[in-house]
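First the structure, in the form of structure tokens, and then the observations on it.
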Amino acid sequence: MRDAKPAQASFTTMTEMVFPNDINGLNGLMGGRLLYWMDIVAAIAAQKHANSYVVTASVDNVSFSQPIKIGNVVTLKAKVTRAFNTSMEVHIEVQAEDVPQQRIVESHRAFFTMVAIDMEGNKIEVPEVIPEAHEEITLFESALRRRQLRLVLAGRMKPEEAHELKSIFDIKN
Amino acid sequence: MRDAKPAQASFTTMTEMVFPNDINGLNGLMGGRLLYWMDIVAAIAAQKHANSYVVTASVDNVSFSQPIKIGNVVTLKAKVTRAFNTSMEVHIEVQAEDVPQQRIVESHRAFFTMVAIDMEGNKIEVPEVIPEAHEEITLFESALRRRQLRLVLAGRMKPEEAHELKSIFDIKN
Amino acid sequence: MRDAKPAQASFTTMTEMVFPNDINGLNGLMGGRLLYWMDIVAAIAAQKHANSYVVTASVDNVSFSQPIKIGNVVTLKAKVTRAFNTSMEVHIEVQAEDVPQQRIVESHRAFFTMVAIDMEGNKIEVPEVIPEAHEEITLFESALRRRQLRLVLAGRMKPEEAHELKSIFDIKN
Amino acid sequence: MRDAKPAQASFTTMTEMVFPNDINGLNGLMGGRLLYWMDIVAAIAAQKHANSYVVTASVDNVSFSQPIKIGNVVTLKAKVTRAFNTSMEVHIEVQAEDVPQQRIVESHRAFFTMVAIDMEGNKIEVPEVIPEAHEEITLFESALRRRQLRLVLAGRMKPEEAHELKSIFDIKN
Amino acid sequence: MRDAKPAQASFTTMTEMVFPNDINGLNGLMGGRLLYWMDIVAAIAAQKHANSYVVTASVDNVSFSQPIKIGNVVTLKAKVTRAFNTSMEVHIEVQAEDVPQQRIVESHRAFFTMVAIDMEGNKIEVPEVIPEAHEEITLFESALRRRQLRLVLAGRMKPEEAHELKSIFDIKN
Amino acid sequence: MRDAKPAQASFTTMTEMVFPNDINGLNGLMGGRLLYWMDIVAAIAAQKHANSYVVTASVDNVSFSQPIKIGNVVTLKAKVTRAFNTSMEVHIEVQAEDVPQQRIVESHRAFFTMVAIDMEGNKIEVPEVIPEAHEEITLFESALRRRQLRLVLAGRMKPEEAHELKSIFDIKN
């Protein structure tokens, strides 16, 4: 295992302006364009943590609320929350702003899981994450539960073994 | 509530070829490009079911396995599994093929939730889905569980009320 | 000559949504964007028939009628009609639909000729096509006439030798 | 009918460099990209002749020969050959050059038919073309034959009425 | 004149990954792509300062040194240095990094001048800039000299009136 | 030093149509898109002069005036003005036209400096430029002054040594 690194070391900010081709028929940013940007910012954050190439392993529970309009400035902030051997969970916060109107339009969250690979495409181990700020600690702790949920849903973990996940449902074992 | 429609009525096939700009540094299709295509095919399938404009509401549990290579032909098949008032869950199957080598490279699944809206952007009701084929029935039934999971994770449903979801964990109440 | 294959084996469906950057100044899909999509779907169909790389050899008699609008869903269906040693004629049908309005907007046809090549770019032989459905047989038979027309127009066949082509003009020889 | 204009008045030159995303799997410029550029240069030439908006009506007998490589400079030259009421035939010459190697790689020709429209999308009359240079006169004269071919193939002219076209086959009626 | 704002209030970070289509024939990021990104980040910084729409007025003395490679992460940082009635000078710093190799590849600087406009496209006044950090003060002071240079080169100021500019040449008047 | 070549030998014309994605929020061509096109046309002109690969070294004093609108035809004309060992200054003229309205909308000028490189990326010498037309001679002569300005601003030449440049300010030494 390589030396642990602080969560902050992977922090990445990306800014995009919404162009006409990014919108759907009703003048809002299409979800697919936002997912495309999220994937790039997640990859950069994970590269910073692992200092290696990375590929996307999974995408979870992205939700979209109010529409983001043409001309809005979209800011994406990504940080690695926790590492699991060769994979890293990346937390992404998205904010859209109508700058001339000084109005924050939108605020999203998403979790992407990225895997570190070497030049031949083999998975490689990544450093552990040291959470420092309050929010980093909260995200670090809840990461285990989200990971169990992904494994259960993918059929790679038995539900009864997902101890952390069960705690959501206040279930005693 | 508008008349129910068979799941098959929303079936949509989309085919894309992987171009150089779609790949990441290690020659595999970037996750963000695949998410972008998934969003378009999900939107078309949902439009066919609702006969209205639609916007993306959430994306769940997309997982990526083996790399898809440049020149591969990617086929995305989408179908609405179930409707919940104004929203529809869309199931997407992705297959990548190296046609000259006659080799199926990859097979993914994902669920997108789309919401039907009118010209002013207000949510509108959609027809119910009539599942007919065996797989359609299975997806229809499990859609309720996935919806509860989304609501619990988004903090919009109390875990103890998510009866269908609990069944994953074989828990009696 | 490799084993003959049914026309149906090359059948390919591609679906695209019309985005703002695909339209010309008057809000209709630009011809060049549709030709670009036609070329991709023709290449995939020809790849499926030949199981090799292919390049475009010629494009014939594409005609455009009513305008296709932004937000329309464009469906392209391609199938190899007939093979001539190393080349294949591909028939493409294009349909545009305003899904929310449930209106089919447009219907085109085009013929692309694709050539099979190996990794070094040398032309290679392709399987013959076995037409089965009624429309496949009609297209298979008329393919010879269209091929003679291409060769005459390219100055590679003497008009008096284009026996099939002359039949268009009801001329006895 | 508006005043006639010399063919030269519509002459348009367009230069493009071939980027990675323009090529197919075997490193040659994809046919669809070249068709896309041809459509734009044809539209500009037709706009110059008609001084109106234009849309693409048909594409004929484009043939592709040797591959155009990445980094090549592609020059497209377009000129209106003849007008027919509301439509114009545009002749396009394409040349590809490997500038560092001082080698002309490729030479194509194509004919696009464009229709002049007003702001409401209605067809409008265009000026006649005055051919001056030797090549302009040749193209002007053969344009009638190509037009009859298009009309016969589209089922909008009876073959026996296509007098100019028949002359290709040296047939007396 | 609207209230003055600190330089820091316009600070904008933009992160881009270099994709295959962004490179020229020799595998380095093309200058034109970097200029395109610079223009977007300059526009966002100027929008934040002026809280209005902005357009690009001029670009000065951008220089490119070592090549930026495919897969590199490019970070652009922009800040308004000084305002002149309706225009703002924006300073842009560019850094490229090969993250897996932990190597900073490149460091550029550029100055863009942006003009604030209202919805009808008329120029509007912008707040003055309050420089605080040491580098902000240095850039604020030298901005006048750069502005005189732009005006002289554009023929809109007589060289003998460009007092600040002359100081570069250590000339007494 | 390779044989000198006439300025005219590098002359390059590029034509682009303004598409929706090229415009900013207020319907004018974004500066960054024009800079991107300028870079390509400058690179082609420099390649023609040097018959080698080239990279962008610097961009100077590009100014933008009236807005260029969607649907406008933008014509860029580039020519090498003078060579300095391994670098070439390229002069670019930009004109925008609303063809249906027969109105020339805009006229810009810019200077790009390009460097000739071999396949390994090493700088290589380029032929001298022979200016012939009146404008070519004027641009050839003033190129030295612009070069000194670039060097002084980049801190690579002492202002007191920039004899040509000083002449702008009518200063005797």
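Going in written order, the chains are labelled A, B, C, D, E and F, and every chain counts its residues from 1.
Basically, contacts are C-beta pairs under 8 Å (C-beta built on N, C-alpha and C of every residue); 3 or more make two chains touch, one makes a residue touch a chain.
Everything quoted here is computed from the prediction, not taken from an experiment.
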Shortest hop count from chain C to chain D along touching chains? 1
Those chains which touch chain E and also touch chain D: B, F
Taking contacts as defined above, which has more of them, A-C or D-F? D-F
Expressed in whole Å, how far the mean CA point of chain A lies from that of chain B is 19
Averaging over Cα atoms per chain, report the distance between chain B and chain C in Å. 31
Distance between the centres, which are taken as Cα means, of chain D and chain B, whole angstrom: 43
Sites on chain A at which at least two other chains make contact: 20-21, 24-25, 40, 43, 53
Contacting chain pairs, sorted by label, are A-B, A-C, A-E, A-F, B-C, B-D, B-E, C-D, C-F, D-E, D-F, E-F
Which residues, counting only chain F, touch chain C once they are in their complex? 19-21, 70-71
If we count contacts the way the header does, which residues on chain F are in touch with chain E in the complex? 24-26, 28, 30-33, 35-40, 43, 53, 55-64, 67, 112, 117, 119, 121, 149-150, 152-154, 159-160, 162, 166, 168-171
Could you list, by residue number, the parts of chain E that touch chain A in their complex? 12-17, 40-41, 43-44, 47-48, 51-53, 73, 99-100, 102
Of all residues in chain D, those that touch chain B in their complex: 20-21, 23-25
